[in-house]
Each structure stands twice: as C-alpha cells, then as structure tokens.
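One structure is given here, and the rest of the page talks about it.
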Amino acid sequence: MKKLINSPESVLADALRGIEAAHPDQRVDHENRVIYRATPKEHGTVALVSGGGSGHEPLHGGFVGFGMLDAACAGEVFTSPTPDQMQAATKEVDRGAGVLHIVKNYTGDVMNFEMAAELAAMEASVDVKTVVVNDDVAVQDSLYTAGRRGVGLTVLLEKIVGAAAEQGRSLDEVVALAEKVNGDGRSMGMALTSCTVPAAGKPTFDLPDDQMEIGIGIHGEPGRQRVPLADASHVAEQLVEPILADLDFGGAPTIVMLNGMGGTPLIELYLMYGEVARILEKHGITIARNLVGNYITSLDMAGCSVTVLRADDEIVSLWDAPVETPGLRWGR
Amino acid sequence: MKKLINSPESVLADALRGIEAAHPDQRVDHENRVIYRATPKEHGTVALVSGGGSGHEPLHGGFVGFGMLDAACAGEVFTSPTPDQMQAATKEVDRGAGVLHIVKNYTGDVMNFEMAAELAAMEASVDVKTVVVNDDVAVQDSLYTAGRRGVGLTVLLEKIVGAAAEQGRSLDEVVALAEKVNGDGRSMGMALTSCTVPAAGKPTFDLPDDQMEIGIGIHGEPGRQRVPLADASHVAEQLVEPILADLDFGGAPTIVMLNGMGGTPLIELYLMYGEVARILEKHGITIARNLVGNYITSLDMAGCSVTVLRADDEIVSLWDAPVETPGLRWGR
Amino acid sequence: MSTTISIDGFTAWLDAFRTRVTENKAYLTELDSAIGDADHGSNMARGMAAVMDKVGAAAPSTADELFKTVGMTLVTSVGGASGPLYGTFFLRFGMTAGSVSECDGPALAAALRAGLEGVVARGKAEANDKTMFDAMAPAIDALDSALASGASLADAVAAARDAAAAGRDATEPLVARKGRASYLGDRSAGHLDPGATSTAMLFDALAEVIAA
Amino acid sequence: MSTTISIDGFTAWLDAFRTRVTENKAYLTELDSAIGDADHGSNMARGMAAVMDKVGAAAPSTADELFKTVGMTLVTSVGGASGPLYGTFFLRFGMTAGSVSECDGPALAAALRAGLEGVVARGKAEANDKTMFDAMAPAIDALDSALASGASLADAVAAARDAAAAGRDATEPLVARKGRASYLGDRSAGHLDPGATSTAMLFDALAEVIAA
C-alpha cells in the first residue's frame, strides 16, 4: 500500500487537521469530527447536516459553506459516522428553523442517522427531518433489500437544497425539494481498479488488466458485474443506458455530473464527459448544466460515474445560486 | 494499461471535445488545438497565452477564462505544442496591447515558443513577450544545463499575472510582475507511483512498494533520487526543506499550493497540507492563502508537490481578484 | 463449571470477544472485502478496544450499567452497520438483564433474546438475508431449547456456539438481501457473511468463558 | 552505386528513416522512459508519418522545396524538443542544398553541416551533453573527412553511419546536460540518449539509400 499518510489509524484525524489549516472559512470540531461553517448561517433558516464515511472527498466536508451544508460529520474511512457526532452537529447548527439530515442510503448510514434523529427528538428541541438519497441504478430497488445506494446525486442535492435553505425556505419546503431532487436523479458508476482502504492495507478486489467492474458504488465494493474493458465510448454507453432505461427524462433540461472516483485524471474525465454528452444528445436530452471532476470519490479508485438529474427552471436557478465551499464555488 | 480512452492516438482530440461540451465559457479550436475564452477580453488589455504538453489538467486549458489565460495551446501528452498552434493563438487573442507567453522551462516548450515568437515577430504586428517559469528546486540551476523545470508555480503565476492583465496593466508591467513571481516562488514534488503515458502503454518507471521518487517533475520522469517510502510528515519535510534552503521567505506572507499529481485522492492531499503547514509554521512562515487539490498533474501518477510563493500585499490582492475558469473560480 | 455468569464473567466474555475480533481483524476485513467495503475487521477491533477501555475505567457493578456502557461505546465508536447493530444488541441485553450482578441460564437467554430483537428492530433482517442475524438467531434458539431440555448452562452455551457457527457457515451460499452485500446481487453468494462470522465469535467467546 | 543523391533518393532516405522510427517506436519510447518522458518514439513516428503524407501529396521537385516541407511538417506536427530540432535540421539542410534536383557528396555534406548548425543554434548543445548532437556531429565529421580523403559517396556515408552509431553508443555513460535527461543529474548516466539513437537511424537510413 502506497499512501501519503502517517498511519492507517490516524488518517482521518490528520486529514481533518489539514482541512482546518486549508480552509479558514470552515471550523473543525476534532473531538466530534465535524466540519462546520466558520460563520453560522442566519437565524431562522433551515440547516443542513450530512456526513458519511471518509474517503469520498470532497464529499461531504468540502461542501460545507455558504449555499450548501452547515455541517458534515466524518466517519472512519468507508464507515458511517456515529449518532453522537450527528447529534452534536445537529444541535450546533440548528438556527431555530429545523435541520435536514442528508443521508446516503447505506444500512450503516441510515441506522446511525436514525439513532441521531431519535436522540435529537428526545431532546425535543430540534426539528429534524431526513432525506435518504438512493440514486444508484446499478442496484435493483426492492422492498425486501437494502434498496439502492446513494451516490453521485448527493452532490447535486446538497447544492440545490442548500441554495433553497439559504433562501429561507421552511423545513417542509426544503424536505419536499430534497425528495423531488432525489426522485428525479439517477447515477451509475464503474471502476478500472479497486481502491485500497488504509486499514485493510491492500486492494479490496483484484481486477485483471482486461476487465472492469460496472455498477460499483463509492466504497470500493465490487460492482454488479465484471465485464471486459471497453473503450471510452462503450463505457459511456454502459453507464448512460441504464440511467435512461430507469427514468424518463422527457424534454426536461438536465444537470449532468461526470464524476471521477479519485484515481482517474481529469483528461480522462473530460474525455468521458464528451462521450456521455454525445450519447445524451443522441437521445434528445438537453444538458443545461454540468460538472466534470472528482466530487464523490472512492479513495484512489480509478473509474468514474455519471449522474443525470431531470431539472426545471427552478432547479436550474437553485443550481446557479451563489455557493462558496471548498468543493464548489461560484457567484461569490 | 487501464484508461478511459478510445485509443492512445485520439486522447487529446477526444478530451478537447469533452472540454468543449463541458465549458460553454470556452471555445475550442480543434484544428489548432487551442482553448480560448468564448468572450475575448477588452480591447487594449494584454493577453496571456500558455500551453504545453497535455496530461497536466486542469493546467493549462482549465485556467482559460476571466482573470487568467486568454488561450491555452494543447500539445500531445507530455509533448509541447507546436509553434503554429502558438502563433495562431497569439494572433487570435491579441487585443492590441501585446501578448505574454507563459512558458514552463523545458527544452521543447522553450524552443517551440521561441519559434512561435519569431513567427509572430515576422508578422511584425503582435508584441510578444515571454516569461519562462523555472521553480523546481529539485533541479540544480546552472548555465551549462537546461536549468530548472517549470512546475507548480505556473498555476500561481497564471492567476496573479492574469489578474494584473485584467486590470489593464501594460505588457512591460505584466512582464515585470511575471518575472517577480517567478523569482519569488519555489516547488518540489514527489511520486509514489509512475504514470502511464497512453502511447507508451505501460508505466514510465517501476517503483517498488517501499520506495518513492523525490524531486520529480510533471512528465512522469524519474526524480532526482529514489528513497525509502516514509510517512506523510517525513515526506512533507523532504519537500519543504529544499524549498526553504533555496529561498529566504523572511517574514513575508506566502501563498502555498499542495498539488496532487493526478492519482492521489484529496484526503491524502489535505493530510499532506496539514503536515506542510505545520512545518512552515515551525519555521515562522505565514501562509496567507493556499490551494489544495489537483492543479498541475502528471496523468495518473500518485504523488504531490509543494509550491511556496513569497508574496506581498499586492500579490495577495491580485490572488484575491475575481477569477472565473474551470480550474479556479472565485469572486464571480 | 458455574450455573451463572457474573459481572466478571461478562467482562471476561467481552474481553474474549475483543481478543477474537482483534486477532481476526484481517480475516474479518478480508471477508468484508469480498462482499462489502473492507472494514468489518477494523470496525469491530476499534469498537471492542474502546469497549474494554471504557469498561476498565468505569468498572460497572451491575449488568445494566455494564452493558449500557458497552452498547453506547459501540454506538459511538464504531459507526457503519455493525456499530448500531452490536450497540443495540448490548443495550437491549443490559436493559433486560437488569440491575443484577449475575445471571443464571434463563436470565442470560432472555437478555440475549432481547438483544436479538434489538438487532431486528434496527436492521429489519430476516432469516437467510445473509447477516449477523443468521448466526445470532439460531444460537439463541439452540440456547433456549437446550436450557428447556435441562442442559447445564455450559452445555447450553456450547450448543449456542455450535449453532452460531453453523449459522455462519450457512450464510456462504446465500444471496444477500440486507447490508452492503445486497448491492452485489448474485455475486454475494459463495462468501461467508462478515457480521455472521463476528457473531459466531461472540458466542464462541461466551462458551469459552462459561466453560472456564 | 551513384555519386549523387537525387530527389527520389532524398525521398527514399526520408522513407527509410520513417520505417526505422516507426519500427523502433516502442524502443525509442523505452529509452525516453528511462531518462525522459516516454514520448520520443511516438513523437518521431508521428512526425515522420506526417512528413511522408505531406511529401507524397506535394511531390516537390527540388531539394529546398522538399526539405522545407519536411522541416515545416516536423515543426508543426511533433512538438517537444525533437520537433524544433529535427525540423530546424531539415529546414537548414534544404536551404543549403538549394533549388537543385540532386546533390553530390560535397553538396550533401554541406547541407548536413548546415542542418547540424541549425540544431546547435536552436538547442545550444555541445559535445557530450548527451543529445542528438553526439551522434550527428561525429557523423558529419566522418563524412567530411572521408570525402576529403577521396572516398566514394557510398563509403563516406557508410563512415558517417558508423560514426553516428558510435556517437550514439558513447552517450550511454554520459551525464546529461541538455534536455529533460539533465533533470536526472547523475541518474541519467548508464542509458543511451533517445535522440542520439534516432539520429543514428537517420544516418543508417541514408547509408542504405546511397548504397542501393
């Protein structure tokens, strides 16, 4: 294992020190492993808390700031944070208008956030609502399983819902918007290589040079299937087609993210975006806005994911609203 | 070789299509492989042209836009672009106030830009000046060699000088500023792994699991020396100490970049930034501004580099000036 | 061979569990690499290390105190799926065991059953979903029936241990329906479930301590 | 065996050079991997393919036209260090050869010498800097002295080829002072210079064509 770390045990604590040093607009609670805005938002506005395992940077900590999150709870690598972290964050950011928990749909994340909401409700002071993001079309959705994973759409949702919260919308409105975004977005990912979890010390899976994993999540787990390596245009098809098969994008404008898994260089991400845009265009789908880069990663995994969100004028204008975070910034 | 590409020969052309699709604020001349601002800057202002081999993204194309470059010429992977590309870009962006060529100090880049400047001078219409960036302390500077490489400082220089050009400063003033920035900044890089040049099809060098290369550039070339892998705090020392030994940063505020080589995830870059900031602090050096992320990369290489620029109030205020490019954006 | 388990016995149980998950940290993580995210070993080792630290410092004298500490420590130090699940297991275990300094067989069985119910309440797993449930439920069933048929505590717990091991082994061919392994669909078959494997260690530890 | 080289001969030379760099693309890139950036083979192969395309389409009838096309094509299609260097070499070669349809030995030698001077003007390399200069300069020196001592054109060019090969081999122990390899300092010793290697191919191609 080759990593720029001091020890597998101290990765998270050490990285949080770096984040604190790099971003004066953020404040890090090292004890609880929570990243806050240095300047809390206005009283009377809904606050957004997210969090999850580490190793997906810039998600979530890189999206704490004006126009997006109020706090992000960092778990160990690929391990959801704990209810006490979330509860501390929830109490800290509440500005009297309630708190939205943005949870990616993983058993661990859901259960820990559930316990946190129970704890917060026991204190009877904070109004907590939860949205569970589950956009990964690689996973069959079913009542009898853990359902779909939450992946790339989380980034878009945090931006859009964050803008709405910043505008002063009520908790119910914010929840409704979050549900709408979650319902209207889909993602699909692939890996060229496994990642290496620091504590595990070796790649999670072996992938021969002529194979790739299709339908991966963001935790280095193997995908739905292992298929022969293909050129970029065919990889793009294998990502886009399942998304289009799952949701009708009609004539709506879309927001598209071509996301890198952490180990793939930007030149390849641009190349893939070109292929994805071409396929969407062929299907008559309009891309109103896009993001190309590493936004929700899986440590050092090589690979990428595509997220397509069916938007409308309101969503696009929330997308365009000013944002000032380490990971996304425009308009200020 | 595992890459998201269609073929080694079409990497650049395909990536340029993706860049064009992703960035409506940019315009791509596919014939000449030049990335322009979609909206040219005001008449009477100095224009900035840079360029170099591809594989360093977001450099340079990702820095074309308001507040930074006017055009970026893209060469084949790790191969400097050709004089005709540069000349086309130079003529296209000239707004009557002259053009600054920002060249990283590599024999190929320097010679090709030289030929381009000769061609432009022959046309006698465009006033072209050149700054050659050579900030890499890993390389001994000498009159009898090719001198130091241009690496990370290029990013900072393009931002700062771009802001000055946007303010309407004259070509001579812009050149003087560029020289000043080049004189006041130093960089040092390291690699955990080699990168793989698409056309070569395999890693440029083999690096055992317990070794790293110190003093690498950005072209996947081996470094000055191969040393045992160390923990992050010691890697940081091996990067920072040669920089401090080479230039006296006195009590000046600095701008520090912790740059990823393309294959290293952000969590490790933050962790490294924490170590670097700690060492600089120990030496009494104040960090006024910082950048942490992948800004000048070497394809899929795992590793990082540190750049430290001795600044002053003027430099910091040029740094803070609005910028709107795919790679750096704030203030608008 | 005792007919009850005391606070010291409980502590020894936890310590034996800690030893097992620590020694098998790489193994549990390897199981989780195949069908999950390669962290079950580090999660359990980190959690049980924190538990033994806390228990050592607090030295609780009743089962409810002890297991509240255990459960809360797991909940606040593990995260992931196993944190809330094992945490809830021990919290409910302690609530049912109550403010006592020792448990006999039926009391132990009742506490374990309450723990299992907590796991189900949290995680909604059913039999053959390929989770820790598949080791835990058969173990507690075996304990109940052994006690009902008059077996000694040691024999009953040994039966529970064997049933947990069998339940763990039976997860191998299953297609996961809960937890991360479910994302793999059919590819999850052919691998032991990491959580069922750590749960088998929990009962193995109990059997060792009771037999001692 | 002819005493001059015609336009067809020049074209055959370029084609033979193209064949060599194309067949040795991986080898040249491998040499450049050791002490450079792993692109010399693709650079030369791309450049010479473009040259033969252009030359085939334009079918120039004089040396200055032909080599202006060659030089400009290399300059505009290769990039890197080798583009301007080989490009300048051929531009100067053509300017000195002039508007002729064939060259005798002295004319060829003069054109090659002008090419070398162009390389030096562009790249400032000196002997033993570990560059293409180290194959090119000895080759042209050998050609000059062979012609001066009355050797046939074929023998003189064969001597140039041998000197280029010897010059290439002599780059191996050198510590580079120019080009990318210079960044490696002492680590550049122990490897052939890629550009000297492609230059040896250029003279090998010339010898083959003249001998034919």
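Letters are used for the chains, namely A, B, C and D, taken in the order the chains are written, and counting of residues starts over at 1 for each.
We take it that a contact is a pair of C-beta atoms (placed from the backbone, for glycine too) under 8 Å apart; a residue touches a chain by one contact, two chains touch by 3 or more.
As the structure is a prediction and not an experimental result, all values here were calculated from the model.
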When each step joins two chains that touch, the fewest steps from chain C to chain D total 3
Ordered by label, the neighbours common to chain A and chain B are none
In terms of mean CA position, the chain most removed from chain B is C
Chain centres from averaged Cα atoms put chain B and chain D apart, in whole Å, by 32
Chain B to chain C, mean C-alpha position gap in Å, rounds to 55
Among chain B residues, those touching two or more other chains are 77
Each of the following residues of chain D touches two or more other chains, namely none
Contact graph of the chains (line, ring, star, complete, other): line
Touching pairs of chains in this structure are A-B, A-C, B-D
So, in the complex, the side of chain D touching chain B is made of residues 29-30, 33-39, 41-43, 46, 75-85, 122-123, 177-180, 182-185, 187
Within their complex, chain A touches chain C through residues 53, 75-84, 106-108, 111-112, 114-115, 136, 138-140, 144-146, 149, 197, 199-200, 204-205, 217, 219-222, 224-225
Per the touch rule above, chain B residues touching chain A in the complex are 1-7, 11, 14-15, 17-22, 54-55, 57-58, 62, 77, 192-193, 209, 212, 229, 231-233, 235, 258, 262-275, 277-278, 287, 290, 292, 294, 297, 299-300, 302-304, 324, 329-332
